[in-house]
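After this come two complexes, each holding chain A, first together with chain B and then together with chain C.
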Partner chain A sequence: MAEIVIDGKSYSFEGKPKLLDFILSKDKEVPFFCYHPSMSAPANCRMCMVKVGQYVKNRDTGEYELDEHGERQIRWFPKLQTSCNMDMMDDMIVHTHETDNLVKRAHKDTLEMILINHPLDCPICDQAGECPLQIQTYKYGPEGSRFEVKKQHKPKHVQLGPRVTLDAERCINCTRCTRFTDEISQSHQLTITRRGDKNHPTTAPGTVFDDPYSMNTIDLCPVGALTSTDFRFKARVWEMNQTPGLDITNGKGVNVDLWTRDNLVLRITPRHNPHVNDYWMTDKGRDAIQLYNENRLSTPSLRLHPKDKDLVMTSWDNTLQTIQEIVESTDSKQILSLGSPYASVEENAAWAHFSQTILKQKPSYTAHVEKGAGDGFLLVDDQAPNTAGCDLLGLKKRTKAALKKAVSESQVIFSLHDDYIERGWITKEDLKGKTWIYFGTNLTQIANAATLTVPITCAAEHTASYINVDQRIQRTYPAKETKYTNRRLDLEMSEGRLDRFGTKFDHWVNEDNKIDCKPLWEIVSDLFSLWGQTITYRHGRDVLESLNQTITALDGITYQAMDDHRGVLLSTSEPQEAST
Partner chain B sequence: MSDWKSYEPTLIPNIEGMHQLDTYRKHGGYEALHSVLHDSKKWPDPSSVVQEVKDANIRGRGGAGFNAGLKWSFMPPADGGPRYLACNGDESEPGTFKDRKIFEYNPFLFIEGATIAAYAMSITTIYVYIRGEYRSWIKKMEKAVSDAYDAGLLGKNIMGSTFSVDLVLHSGAGAYICGEETSLLESLEGKRGYPRVKPPFPAQRGLWGRPTTINNIETLSNVPGVIRNGATWFKSIGAETHPGPILYGISGHVNRPGVYELPSGMPVMTLIEEVAQGVKDGKKLKAIIPGGSSTPILPAKDLENLTMDADALRGAGSMMGTAGMVVMDEDTDIVETLWRISKFYHHESCGQCTPCREGTGWLEKILEKVVKGEGTSRDLDLLLDITSQMEGRTICALADAAAWPVRYTISRFREEFEARCKPSLVPVG
Partner chain C sequence: MAKKGSKNTATNPPTSYSFTKEQLKEIEALKAKYPEVQAVTLPVLWIAQDSFGHVNPDVQALVAKTLDLPESHVHGVAEFYTQYFKEPKGKHVLDVCTCLSCGLSGGVDIVRHLEKKLGINVGETTADGQFTLQEAECLGACGYAPMMQITNDVYVNHLTPEKVDKVLDQLISGSTPDFESIAMPLVDSTHTTKRGGSNE
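And now, the complex of A and B:
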């Protein structure tokens, strides 16, 4: 076991960790820009300087050499060292800025240098509020600048690709973006061009930065040089709530943060989870903001006559009663009940419970797997976030042909989420003469063709869990309000703001953009009561708790456990018989 | 040193047609390589060659002055994989123009030296990196290399032995930074010329991650002489701690600028007054930059009894560098000279590390202000402050190379800078 002394405190370590990694792991701080835990350390920002020395040992005896005061002699490195690429050695002595003025001075000097050509346009910069340069300048920077000559001008608002806009003047040449395309996404699309203080990242002439992971460079950029073409100038960081969530556009189950203001999801960024996505996410996953914000089903709607072109809005009470009338007037053999891999475990389970009790049948589902769509990184073939969840609940999987056949043989169809028409599995003609009751979040083609649409909450509006392709169960939080929820009353919702800025209330939320929708389990509970049964699911937790009893693999799985372990890897991948 | 007039040049001897292979061989060329490859009594194994070169103490002629043989000995034992020798002919330091003389007048001497080095270190491929602007010298080298291949002096089974090595010429694209040994490797790999972080050192992980040694062209050109005449002969030439012949490139305000091969440790004043035949137009000497533009300037008063070797120059507060001496007469505008030098380093900073990328531009811009008479004496202190923010804070030594001229020129010629500046404090009223 080797020993190291950092700021007078000794630590033991094994192997050959890098000094910066080690210091950060001890909850100490060393400022840095170019270093990133998942990429190589180029040591180019020269910010993470520390003073390093080693105890001198007598070559013959192996004893420590002592000075006149009986203290161990230290041989200091002649220059300050960057800690990000420094291998730790036994008997090393390290002084950070906490204990050494020269290190403190070096931080100040480097920041002064970085800032001389950096435009001081924080008031209009998207990065302000979450900018490492801004934060470190306040903490370690000089009081003012001694730079009184002309700044270097570089290209501004350069469209590097469809999603990323570059402001080269803000760039501090940390090369995180180029290293990302070299080492992580391996598209090699970005490089640094020109020389010296004219340096900036760019693509090769005639090519665009259309890497499917391009927007990670925006998150990586320690300044506002790379900005989101879509999001830039839309909102200040401090106006938004940051709520943890999941990427529902793919079966990988990438962990994300949803950034909301006024009940709109304005951007989605990756959330670190070493078991799933590390620090990254796909650009496709960020497009989910459209699913959450646009074209939403709000208020139940009914087609009064099969020939009517449009659906008309109706009340929730009327909706439930209509469903009851339809079910009671139809032979249960004529009813088809469908679950969905796009819906959460809780939604599918609640629906399965209702379906088995009242409709006398277990729901089936169709998987949405596109062979070859996966890339071996964060995109997998499975396009739905919860296929494994459907399997675990014991839902029968139907092929395209089986679905078409089942639809043609049924009179009443209950379906969840999936847009079979858009996917080309059935056509509008197949719906002729059928009663189609659709529980969904968006006005899809199937919603347009349905008899009754019942709006349910989306992944950004409820607490529910999803099981990814690797059998990891993870959960979402409500990030935006519906007509029936209140951020100030729901403690789980306000977390982001309370933690980051310490404000008690969220002043950036108003009544706009609230959707008239309910969680599916609430609708199911209301339906049960129409049939005189008291089964109450008021929260996703209620559904999960009932699953704890009935499905072995989910025994002991709670939201708390998922929070504590960044999702829980389920012990079995075998489909279980659900007996609810 | 008075016997310099009788010194017989060995690197660029005064022999017509030395650039042709047959002439070169007629004058003892390739004897050294032959003995290394075939005289197993004298050279039982490659390490004996390394030892001889180490004993000769050929200090690197590219500027750092590190013992070449010692550098060779850092190469790990051969493991059957590829190993490389990169020959640095980028020669981009202003005031330096010595290696091109070798390319032009004695290319086979260098090629022989590189081949011996390749044998000594079990190198499989030699890369010769030549400054891109040296179009005509690259052509000359291409001819020489192809002649050497034709004569069986490069390629498979050199001189009938079991030793084989290839030599590849690579022309730079005009970046000063690619003369820095690790960015030279990056450039050879086809990448952007950014210096690498050390450790790992090139001997452990160099070109394409394989053991690599980088030597200057002039350094390698000294190797055949050492092999033929022995380390003792080499050590008897010139200064004791920095022995051997040196190509002095003298430029600036002298009557006969040029490259002169003379022993190391030549008195500076002899070089100026006798070798280069004095300062132009009979003017007085003001200062010299001894070894390329990054080495600290020395005022004329410090040049009496000063000799051109690493230790003497360090004692005088400068460096040997590449021995490319720039001579400046009494009418030289030191302020403008420094501005021009800073402009060069600003233009050539690769921009990888913050202090150099930002600092070089800042230095240039303040110096421009001073040259235009808009500077204040406070700016001079700021300049010195900036240099201390750059020195020793970067991956490679370019920040130092850019900072030293500023630091030492201002501290050694402060009055001239003050004279161009307005006072910092302007009295009120």
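And now, the complex of A and C:
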């Protein structure tokens, strides 16, 4: 096995890792900008300098040459080397800035050079607070600049595409963005134009940067040059809480972070998961903020008379009692119970439990697949986040025609999430004369046409798991409060950062935007108690624990396991009981 | 990986620019010479500039389409090199060096002289389309400063206002300034012996 000595400590390694990668994996630091673990390394920012040498061996004897003190002789490379594109070799000696003043000096000078034309507008820059250039300058940069001449000016607020805005003056020309469109999304839409102190990224004349993955360049950009057209100037990084979550806009299960302030999700960024999405996500997945913030169902609402145009708000107690009355006055054959691939495993399971016990039927569901929507990368045909979860729970899948038929044959319909009207599967007319009870998060068309709407928590408000198209089960965390939760009491919720006394705090300024909704499992527990049964699902975990016993594929699957392994690949996709 | 989004190869280059059959043959021959088609971008841009006088965005799009390369790639290459004209220029393009050595020995004065003489500002083209005046960075002829290059071709060295006037007349009359061979001062031989004499 090969050996390398870094800052006086020796490490063994195999293969030909890149030096920077290796150093970082040892929990040490070397500052860098242009390097990205998932892309090629052009070594153009010159920030990752280290001093590299090799022990000298006698060619004939193979023995190490020793100097007059009996120490091994070192042949240093004539200049400092960029570690990001340096292949590691046996017998290498590396000095980082921790042990070498020359390297320290190199970092300082490189930063002084990079900053010559940088506008230094951190106070109004979106990137401030999460900016590698800002952090690196703070840690390794010079105190000031020796350049007293006027800065070079470049184009500002250039609309590169519908979702990405460029400030060319901030750009340090690391080419991460152009390499992204060349190597990852392969749309080849970006290039660097001009040269010297005038260069910056751009599209070909007359074309727009409309790559379905374009917004990844915003996350990639090590400075504030590429910013989100939508999120620009909306919030400072340190005002938001960052909570892990999942992209629920399709079945891929892309791992994301939800950034919240005052109970609004302000932006969504990808979270690294090598098994699912690496460092990337779709632009479409970021639109989920609208689902979380806007047009939410809040407070249960009831249509008092079928002819009434509007629904009126009602209490939770009344809602539950109304449901009980409806169920008890209807022949169970006249009831249709629907689950949803848009709802989590726990929600579907809790609903299925109630449905089977009280409504005497296992819920069925409809998949939402758009053929051709997938691209073999992060866009997939399956539009819902949990189709595999419905299958695993053994919910019967209905086709469009079967759904329409089932609806027409039933008097009372319980449905979850799906907006069948918007999808064009049924029409408003089909709801005429029916009692439709809708559990959902948003004011969809079906909610508008329903008899009773019951607001439930969305993926940004609860802990629940979703199974993606590749049978990986992953979970969400609550990122925003509902009317009934409190981020200071609910220890699962992230609260910004620790202050210097170790107390969690955040910069939320009001308690608005809390939705009056409850997790479906909680509603189900309340319903059970109306029927005199004590089944208590207080947390998604309670539902999952009961599934651990009943579904073999979920045996031993816990939130902890999902957290530890970035989701767990389920061993079987077989539905447990196919009969309905 | 994904292959989504418009690849941005030119979808409809204007009909006003197209390569002739001979040029296309030449391009095919060039392609065979290189392992990757990207490498042919430079020579094909030259072919285009020689034939259209410039490589404006439409011409860049034509090159991209001909080579089946992303339009952005061709654009980046064309923009990188000042020798490619990204817009129509005068018949003669005067690149006067104003970089350090030339600047110190009067390059800027030459630019001012030409501005007056041609009645245009630097960066502009005369109304009759004869001359475009540009400032250039170091062209590697510092030893003969101040100097200028004419339409990506011949260098004219040791410029004086009089010499510049003569060159303009030559260009207008249709001839090219002659190539001037300038001998580099040789290194003093005694000096060489001294430095090489370390093992004596």
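Methods note: the second predicted complex is superposed on the first by the 566 of 580 C-alpha atoms of A that agree within 3 Å, B and C clash if a C-alpha of one lies under 4 Å from a C-alpha of the other, contacts with A are read in each partner's own complex, and residues count from 1 in each chain.
Simple rule for what comes next: a residue touches a chain if its C-beta (ideal position, glycine included) is under 8 Å from a C-beta of that chain, and two chains touch if they have at least 3 such contacts.
What you see is a predicted model; the values in this text were computed from it and never measured.
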Chain B and chain C placed together on chain A: clash or fit? clash
Inquiry  = Touch test for A:Lys139: chain B only (first), chain C only (second), both, or neither?
reply    = neither
Considering only the touch criterion stated at the top, classify A:Met113 as touching first (chain B), second (chain C), both, or neither. first
Message = Just to be sure I read the superposition right, which of the two partners does A:Arg195 touch: chain B = first, chain C = second, or both, or neither?
response = both
- Query: Which partner does A:His565 reach: the first (chain B), the second (chain C), both, or neither?
  - Reply: neither
*asked:* In the overlaid three-chain picture, which partner chain does A:Ile184 touch, first (chain B) or second (chain C), both, or neither?
replied: second
Scan A:Lys28 for contacts with chain B and chain C and give back first, second, both or neither. neither
> When the two structures are overlaid on chain A, which partner does A:Lys405 contact: first (chain B), second (chain C), both, or neither?
Replying inline: neither
Subject >> Touched partner set for A:Ala43, first chain B, second chain C, both or neither >> reply: first
Is A:Arg75 in contact with chain B, with chain C, with both, or with neither (first, second, both, neither)? neither
Re chain B stretches 331-339, 367-375 or 403-411: the one overlapping chain C is 331-339
In chain A, both chain B and chain C touch residues 191-192, 194-195
In the complex, chain A touches chain B at residues 41-47, 49, 78-80, 85, 106, 109-110, 112-114, 116-117, 146-147, 149-150, 152, 172-173, 191-192, 194-199
Seen from chain C, its contact residues with chain A in the complex are 1-8, 57, 60-61, 64, 70-76, 79-80
Residue set of chain A touching chain C in the complex reads 178, 181, 183-195, 202-207, 210-213, 375-379
Within their complex, chain B touches chain A through residues 175, 177, 192, 197, 346-355, 357-362, 365-366, 368-369, 382, 385, 389, 392-395
